[in-house]
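Below, each structure is written out as structure tokens.
Same chain, two partners: subunit A is paired with subunit B first, then with subunit C.
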Partner chain A sequence: MNTANRLAPYMFMAPAAVIMGLCLLYPLGYMIYGSFLDWNPSQSIGEADFVGFKNYINLFFDPAFRESLGVTLTFAVSVVIAELVIGVGLALLLDRNIRGMSLLRTLFILPMMIAPVVVGLMWRYMYHPTVGTFNRFLKSIGLEGVDWLGQNALLSVIIADIWQWTPFIFILSLAALQSLPRSALEAARIDGATNWQQIVYIKIPLMMPVLIVTALLRLIDAFKVLEVILVMTEGGPGLSTEIVALRISRTATEFRELGTAAAMSNYLLILLLLLTVAMFAFTRFQDARAARLARQVQEEG
Partner chain B sequence: MAEIRLEKLVKRYGSVEVLHGIELEMADNEFTVLVGPSGCGKSTTLRMIAGLESVSSGEIYVDGRPISHLDPKDRGLAMVFQDYALYPHMDVAGNISFALRLQKRPKPEIQAKVKEVAEVVGLTDFLHRKPAALSGGQRQRVAMARALAKDSGIFLFDEPLSNLDAKLRGQMRAELAVMRQTVQKNMIYVTHDQIEAMTLADRIVVMHGGYIQQQGSPEELFKRPANKFVAGFLGSPPMNFLEAELVRDADRTFVQGASFKLEVPEDKAATLAATTRQVIVGIRPSDLNFSADAEDQVALDLKVRVSEYIGAQSVLLCACGQDDVTVELKSETPIALGETLRFAVRPEGIHLFDRSTERAL
Partner chain C sequence: MQYQRQNPAFFALLVALIFMAVGPIVLMFANSFKLDVDIIGGTTGLLFLPTIQNYETALCDVLWYEPEHLDFCALKFGGAFVNSLIIALVSTLLTLVIGTMAAYALVRFRFFGRDTVSLTTLTVRMVPPAVLLVPVFGLWNNEFCIDKATYVGGWIRDTFGGRGDVCLAGTHSGIILIYVAMNLPFVIWILQSFIVQVPRSLEESARVDGAGPFQVFFKIVLPLIKPGLAAAAIFTFRIAWNEYLLASALSDRNTKTVPILIVNNMSEFNVEWGVIMATGMLLAIPPIIFTLFASRQIITGMTAGAVKG
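Then we have the complex of A and B:
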């Protein structure tokens, strides 16, 4: 009787646990196991040779993979910084009551709602060297056209990503701004803070917790970006825009090296895991600090 | 240090006018309390002086200089907010010194000032705490210290005590009264609490519906209210109001209600216009004394319904015919519920108001 009672909770949890195991852990385990194999798509997983950490070691010294990792890092860090600056800046500018503000806000977040493939196609046409919007405009005002997706490919994909994802940071910053204590800002005005000083000393510091979480979320997302770049440049020219996600897909399909592709995925996974852990650590740290302060007040009665 | 004058101050939100031409003068070093029920325009007036609300028309003068076009920071004032409005990411010292740091004052001067005002409000041990680690009373002290540190001539308070619990509110009120004696500033204090107004003010300004109802010293307002609103707003428990008619009989004047007839003292009767008939009689609960053998024309017969014991004093809720009358008296007075007792009215305690205009007569 007693044993049955103690087992009851686990019985109830079992279906969920089984589904999670099947849907989440099985593919993950499959990939991790696959990363230790020299595995061709024509073989079943059982026929592949076990090669231990060879895939990982090869990748570590592979200049193409390293370059791809470098491109990803450059891409992710640049887009997140640029999006933060532009998104927060826009939020600071638009945090006021102007007629038609709600319509304007809706317009601003439209790019985020467009499917990535569509975004990629759209920008690819706009960047087109002869018939694209940008070069036609430049030529119409008498300037030289820019070789957008050629020599400046990485910059071009960064611009496209900024266009699509700045609204994300914009909405979250605006929400953070509007939840700031009004009276603290009024107190700052009376204390003599100019608009700029209010931003630097009051608004930004108070928005910081939201901004840090938002930046980490965007960073995690930027590391996994694939479709937009696939459609716009396919990683080219050369390896100049070949981000890791793209290289993984090419390794698996073009180079037919499933083991290596799996190992690459794991490298990316570890990187993202570190970022996620950092984000959780940050929020836990925030909560713990708030709890500590509240306890301090209570103890003093 | 600063003399403030409001001239025909008007505030409109769209087409709704909430302040209708406020005229007010506040002398240097005066403690002015704006008091009134919520929505009477007292906070709006204060926020217009602070520069947090724009002025629709009219002007605010400080020492004869118009200031309504200036930014809050250029008006030379300090303000304490209802919700303290502390900067949550700065510690107590940071909060207190923020204005001074913006002014780029030298570091030693800032440190000395922080130390000085922290001592005044008793926060010396908490300088390195964040606001989240402070209790409500301590936060209010920080807000006070932050305003003090600025050394401005005008001090604005927007309901500073209403977020505190009753006991702490009484304590902080007393501390404010003490601080008031040492700090020489022009202070404007907004509250809906008439006790705060009575205890702190040099001058009370009673507001209602966007108009100033009356201004003057607490005693003046309490003893000679200009209208029924002021009479009913100041004083606790509030004044009793009874409808009555003026009856003139030979050379004596009476007010006659459904179940009472009181004589109006001669000096008061002399000032009444001959045409006035319909009046409201106002009697404060403390102006009624238990007195079984008082004469008819100076007394009310009241049926005691409820007795509220508050310690030394008791408040009796009584019936005078159809009307309710509150009486305040010493608890040792022997009173039984349900009895009809005679209470003498102090002659100077009879206030008369015109029934249509509600103005004092």
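Then we have the complex of A and C:
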């Protein structure tokens, strides 16, 4: 009985540990090793030549890779900023006691649940130069059609992502808003604060911790976007929408340079690791501050 | 509960928002019932003769009759749909069972290595599928294999046919395995926040009555965290059902999933909009149904994941 109890945690942990070790950590190690090799898909990893940091250095000076890194950063940052502004704005606006709020939320999460492939498909149709909804609408009111997926490809891709993911931020900030301490808002109202003052001086500062975590989560996810862009533009025209994830997959399958693709994956991984560490550091900092404040209150009381 | 009165502009805004959120989906739904002539010809709006011809084309390999407009069944959608279903359901089930056990161990036991495991779980959550593409492709094709000369490998080759070593790539299990691994960190993370809320006294009293750790887990803890399990199940299913990149690297002709089929048909020069929209709609229907019936669980899961992080 006693040994059973002592072994229990390991038995509960074992399946997850084995699977994650074998299918996540081992592949990651394999990739890091592979990134130092001149390696193509017809070789097994043992046959490939060791080239040291060559892949990393080549990539660092490769204008195409730099461009796709730039596209990725532009995409991720502008998507997160736009979604934050719209999502939080909507949450502030819709934080009211209205009939049918749950139905509204249900409809809002639909875009997130649908396959990225399908989202890409829908928007590719709507952006179509002649058949598409947008250009047809523009022409019907007498305006010129816009070359959505040609000259404005990156913008079009960003709009599609905003459509899909703003609800995520909206729902999280609505939840944060509704769990704000009523007493603070009440006090402000009694002191005669206008709606606008309440938002700027009370609601937004109190929501800040949740907003920062949400934004970081969304930023990490924005680096993972691949299918929507693949279906809409396939990275084109030129390299204008070729995000790093897409470039990795093309380098591996079309150019058949696994070593380079692995090095690219590593760059992306390091970037995301930094973001994740930033998120942890921030939540730890928040917890520490909350604990300190609580202790202060206790000591004074 | 008292509802506040709102002014008309507010409702106009609500209607506009709903239109924006749902509009594209409705548009795709409508278009999937149109002939290509109607889609391209410009009969906008809802004035058209609905036809199920697109769905017949898409599902031609599982229909019990032969659609009149087709000479040849090129799009094997039915098979891909079954593949997707098998892969998504099995990997959701496995992830849930394994993930709940791990989350329980992390919350309730103090054991050697606990902090390392917990930190690793949190960090690998951010690994994008694209990063796993190269190593998983290499490993599944070359290393995670059973040699055909061994007893088991020989038996598999004799039973199922084929040449070469028996590898994970190209099988359902290969795709399921990577999906389980990819989803585990998230599921463990979300379930931890639900398990913490189960009162310890409940477990202790069961233990006093003579229940072992496994009995406590299955009889006391599992029933209490049902909402968390539902949320985790939906998120896992969503990823396994929608994923494209890794599935496309690991599947062969017989294990293709629906997203692969759609992408392959998109990149053809001449897009048949009607058919492709019908396939897209079929892929979108299961998640839409989930959302309509379990939106509360989805929202709980989302807020638990982000706010309590």
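Operating definition for what follows: the second predicted complex is superposed on the first by the 275 of 301 C-alpha atoms of A that agree within 3 Å, B and C clash if a C-alpha of one lies under 4 Å from a C-alpha of the other, contacts with A are read in each partner's own complex, and residues count from 1 in each chain.
We adopt the following convention: a residue touches a chain if its C-beta (ideal position, glycine included) is under 8 Å from a C-beta of that chain, and two chains touch if they have at least 3 such contacts.
Quantities reported herein were computed from a predicted structural model and do not represent experimental measurements.
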Could you look at A:270 and tell me whether it touches subunit B, subunit C, both or neither (first, second, both, neither)? neither
Where does A:107 make contact in the superposed view: on subunit B (first), on subunit C (second), on both, or on neither? second
In the overlaid three-chain picture, which partner chain does A:252 touch, first (subunit B) or second (subunit C), both, or neither? second
Between subunit B (first) and subunit C (second), which, if any, makes contact with A:294: first, second, both or neither? first
Between subunit C and subunit B, which one touches more residues of subunit A when both complexes sit on the common chain A? C
Taking the superposition as given, does A:191 touch the first partner, subunit B, the second, subunit C, both, or neither? first
In the superposed arrangement, what residues of subunit A touch both subunit B and subunit C? none
Name, in rising order, each residue of subunit C that touches subunit A in their complex. 1-4, 6, 13-14, 17-18, 20-22, 24-25, 27-28, 31, 39-40, 42, 44, 97-99, 101-102, 104-106, 108-109, 111, 114, 117, 120-139, 142, 177-178, 180-182, 184-185, 188, 212-214, 217, 238, 241-242, 244-245, 249, 259, 262-263, 266-267, 273, 276-277, 280-281, 283-284, 287-288, 290-292, 295-296, 298-299, 302-303, 306-307, 309
Hey, which residues of subunit A end up touching subunit C in the complex? 1, 4-5, 8-10, 12-13, 15-17, 19-20, 22-28, 30-31, 34, 41, 44-45, 90, 93-94, 96-99, 102, 104-111, 113-118, 121-126, 131, 133, 136, 163, 167-168, 171-172, 175-176, 210, 213-214, 217, 220, 223-224, 226-227, 230-231, 234, 244-246, 248-249, 252-253, 258, 261-262, 265, 268-269, 272-273, 275-276, 279-280, 283
Mind pulling up the subunit B residues that touch subunit A in the complex? 50-52, 71-73, 77-79, 81-89, 98-99, 102-103, 130, 132-135, 146, 150
Provide the residue numbers of subunit A that touch subunit B in the complex, in ascending order. 181, 183-184, 186-194, 197, 201-202, 205-206, 208, 290, 293-294, 296-297, 300
